[in-house]
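Two complexes follow with chain A in common, the first pairing it with chain B and the second with chain C.
Moving on, here comes the complex of A and B:
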């Protein structure tokens, strides 16, 4: 058991109460051998950044369905950057229009996964990205 | 700045990174802990244990909030099970502690058991040291939901709070050996539910049969969500430590725990040495075979393995 598991914070920023997607992802990542820290609903960007730092995660995965992604996702990126934690990989998912994706990537979200993405795709993306950076 | 210095200054990021390193048994982390070990021993370590779903996380959240009002610095380690099949885990204790996340005086860390039995993870004791050096006045260690024999926490904490709930089982559960024997304080949580009085009474009756070393564990009815009984629990936690210090038991308990910890470290090191030996040559593997085919017995094989490692 000496191989270090990938640690992922799965968070739900914003006010929508739909966490089925986040839970499915959490479960899939767990089954892929990762340590998933689940924070629950309605987290502020400040809470997400603070939890990511205390848990020393490799990845922050956020899910949002309310439409506030353009505001909330970049804010988490900024908060982590302010605390010199910009080495953490940040990914997002949920109902996000195609047109918004370039802007979010510009703001520092490494990848956006929209409905229809298979969990395998997400797992592979995380495994490849984290391996590359460590 | 070096990790060690940053930790001494109470830097959260350094604290988080060091916990990861000790959890992954990194050599650098062990060197840092060796150097900073003399800075440990100041925190009051409180174990929060009890069956799954008993409200351990919610209660920890409320206890921490109350101590924050006194300006105390709090560390929380929350352990959840790791899947023995995939090595993965979902650590969900933070869900109940959302408000504490952004409090600068609180540091919460979730840990997976990573194959360790006994209610804690192998890295828990080292993580406690890191939080102690970081400057926490109180460190709460929340175990996985326990059954009847996960008693590691008693070898780790100064004060063990056993969180029970009404209606879990008949009175026979209360006389079983194991977890029921390790509580310094008993909390009947969710006491707004029916049966709380009876559960409290059953615990009291169990305690009647036990010999007490000057401290009879109090049984407190509480409701973490309704925020009742919380101040009483804090008071008893403090009383317990005062009592232990006054009677010298605090010192004795820490000494016993240190002894156990060191022996465990020796055991782990020996296991690694044996594993290495068996990787390097097939001498040990051939002993297994000898026993299987009755050319040798397990006891002689043990002695031979010890001789091999000593070389």
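Moving on, here comes the complex of A and C:
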């Protein structure tokens, strides 16, 4: 019996152009058997939420390195919630200071991955979290 | 470099060494790895000997400092004459805050300024644009109009410092603001020294702050070349950047190849626009990355200089030697810095500083230890600057020119990097040049492959990153990291509203319409941008007009 593959939207909110991490993660998730959609740069929270719903994803993985995470991550959570899509797992990564993490988790970001994280960690986290909730 | 007879002797001795001394040792103590590789993954031999540089012609390939092909450096005396410019990239929050940091850096012995702009500024949006939300003042200083620029350089004599500005798509606007501030200080534009990055091709490839499609972007760039060649002769009109290509994950060879391929595209565009190659080429400058593999990096810098000199002379038929001289800025590699045990980054930066200096850089930014965590604190920036000062004054590597020349390994690696980069450039030529190769996603794909391979090597433990996949410790998250007050965004918007009430809005409107007409035609846009800036039109308004006329670039997504 083949399980339905996990669908992930890898998204770059905000204006920064550092997409090395996002692309490496996207490749690694795909190599791990997930279906990956990458948004490209400069996506607004509205665009990300709309793409997540339209693509019917299980996970939204956002990457940001500009420091605008406190502003943009929670917005995506709220937009998805407003559209009754709060079953989507939302995770984030990038240069995110340790003391911003509790606030982001409170706002509904399930996990934050900071520099030095291995792709295996991210893959395992997604696999475990999505399995649990379905 | 060696006579055949002598080479034969060396070859025989080497064979003997391999069969006796070496094989005895290896049978008892095998080497640590089957294959040894450079930081970029190229195989490294056990030993380099005169055999590896046997066809090497000293005068042809190395020559002398300050002379073609500039392998040994672009100035005749290099650091014996003058040290490199120590230039720390800085800027955050408001113009007032950044002005303070610049004055601090100058007091600490820094010798040039380097301005970091926030992302809305880099993408041509004012601070009150919806897309600017959450980004104002974060990765650099927010500049909305000439007013902010006046504050940014308040009390800094622009005839005395040289200023580098990391600005690309709206480079013409920020340069115009700089010229206007100087004018108010009583400094005429022909005295200004500095650099604008102005390299749009690598924005499409790796850095992401593009606005317009390639064609109008190339036109803005050639407009700047032309304007500056007549009016701002000491200004470096472009900094053709491999830095971000390397940060995105490329190898050393790819960094050289893709950067020089972009350089070729700019030179060709300017020639096609009717400019004489020697009228603008002396003001081209480059910007490279300095990574951890010390010797590979030194070879890279030397190879890049030699290859560019040949390209300018042979391909573009430049006559002025200054057109063939590759001057470059270097920054240490942000992507090598770890969030784990951040003080270790000081040592990484030291090695990279040595690479840049032994490679003959003209200016250098050293990264701060805490950059994988947040914006650097004042203390971290000072240590980074001190790193350069220690290498300059205590290490001894500045006392003679190009001290690694003649090393069998470094020379053979220099040759190899040059050859492989030239092959890549040939491939890009076949694809129709750099803009076409970018459009097809070829360049991005090559870089992504290298980045992914690197990540896999780190995760498999094949490549050791100290503190990340080996020698880890439990550590507390660092305490004092610098954060930008969210209040900055509100303040900046308030300033913008005030400006729009105070300025002569009729004059602004007229200047913007004049710019629109110029953009529609083929006139040089630079004087019109300067007029608009002086009327206090905002960056967003000026780029808005150009967006309407030129359209916006749509990124092709390659995974």
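Throughout what follows, the second predicted complex is superposed on the first by the 132 of 134 C-alpha atoms of A that agree within 3 Å, B and C clash if a C-alpha of one lies under 4 Å from a C-alpha of the other, contacts with A are read in each partner's own complex, and residues count from 1 in each chain.
In this text, a contact is a pair of C-beta atoms (placed from the backbone, for glycine too) under 8 Å apart; a residue touches a chain by one contact, two chains touch by 3 or more.
Nothing here was measured: the structure is a model prediction, and the numbers come from that model.
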**Prompt:** Clash or fit: chain B and chain C on chain A?
**Reply:** fit
**Request:** Determine, under the contact definition given at the top, whether A:84 touches first (chain B), second (chain C), both, or neither.
**Result:** first
**Request:** Determine how wide the angle is at the CA centre of chain A between the CA centres of chain C and chain B, giving a multiple of 10 degrees.
**Result:** 100
**Request:** Could you tell me if A:35 is touching chain B, chain C, both of them or neither one (first, second, both, neither)?
**Result:** first
**Request:** May I ask you to decide whether A:97 touches chain B, chain C, both, or neither, giving the answer as first, second, both or neither?
**Result:** second
**Message:** Touch test for A:118: chain B only (first), chain C only (second), both, or neither?
**Reply:** second
**Message:** I'd like to know which partner A:67 touches here: chain B for first, chain C for second, both or neither.
**Reply:** second
**Asked** Which partner does A:47 contact after superposing on A: first (chain B), second (chain C), both, neither?
**Response** first
**Prompt:** Is A:14 contacted by the first partner chain B, the second partner chain C, both or neither?
**Reply:** second
**Request:** For A:26, select first, second, both or neither according to whether it touches chain B, chain C, the two together, or no partner.
**Result:** both
**Request:** After the superposition, pull out the minimum Cα separation from chain B to chain C in whole angstrom, please.
**Result:** 5
**Message:** Based on the A-chain superposition described above, do chain B and chain C contact any of the same residues on chain A, and if so which?
**Reply:** 26-27, 30, 36, 38-40, 44
**Message:** Under the stated contact criterion, what part of chain A meets chain B in this complex?
**Reply:** 1-2, 4-5, 7, 26-27, 29-40, 43-44, 46-47, 50-51, 53-56, 83-85
**Item:** chain C - residues contacting chain A, complex
**Value:** 119-120, 122-123, 130-135, 138-139, 203, 206-209, 247-249, 335, 338-340, 372-375, 448, 451-452, 455, 458-459, 468-469, 477-478, 481, 483-484, 555, 557, 559
**Request:** State the interface residues of chain A toward chain C in the complex, per the touch definition above.
**Result:** 14-20, 23-24, 26-28, 30, 36, 38-42, 44, 66-68, 70-72, 95, 97-99, 114-116, 118-120
**Request:** Please give the residue numbers of chain B that touch chain A in the complex, ascending.
**Result:** 12-13, 15-17, 19-20, 24-25, 82-83, 86-92, 94-95, 98, 101-102, 107-110, 112, 114-115
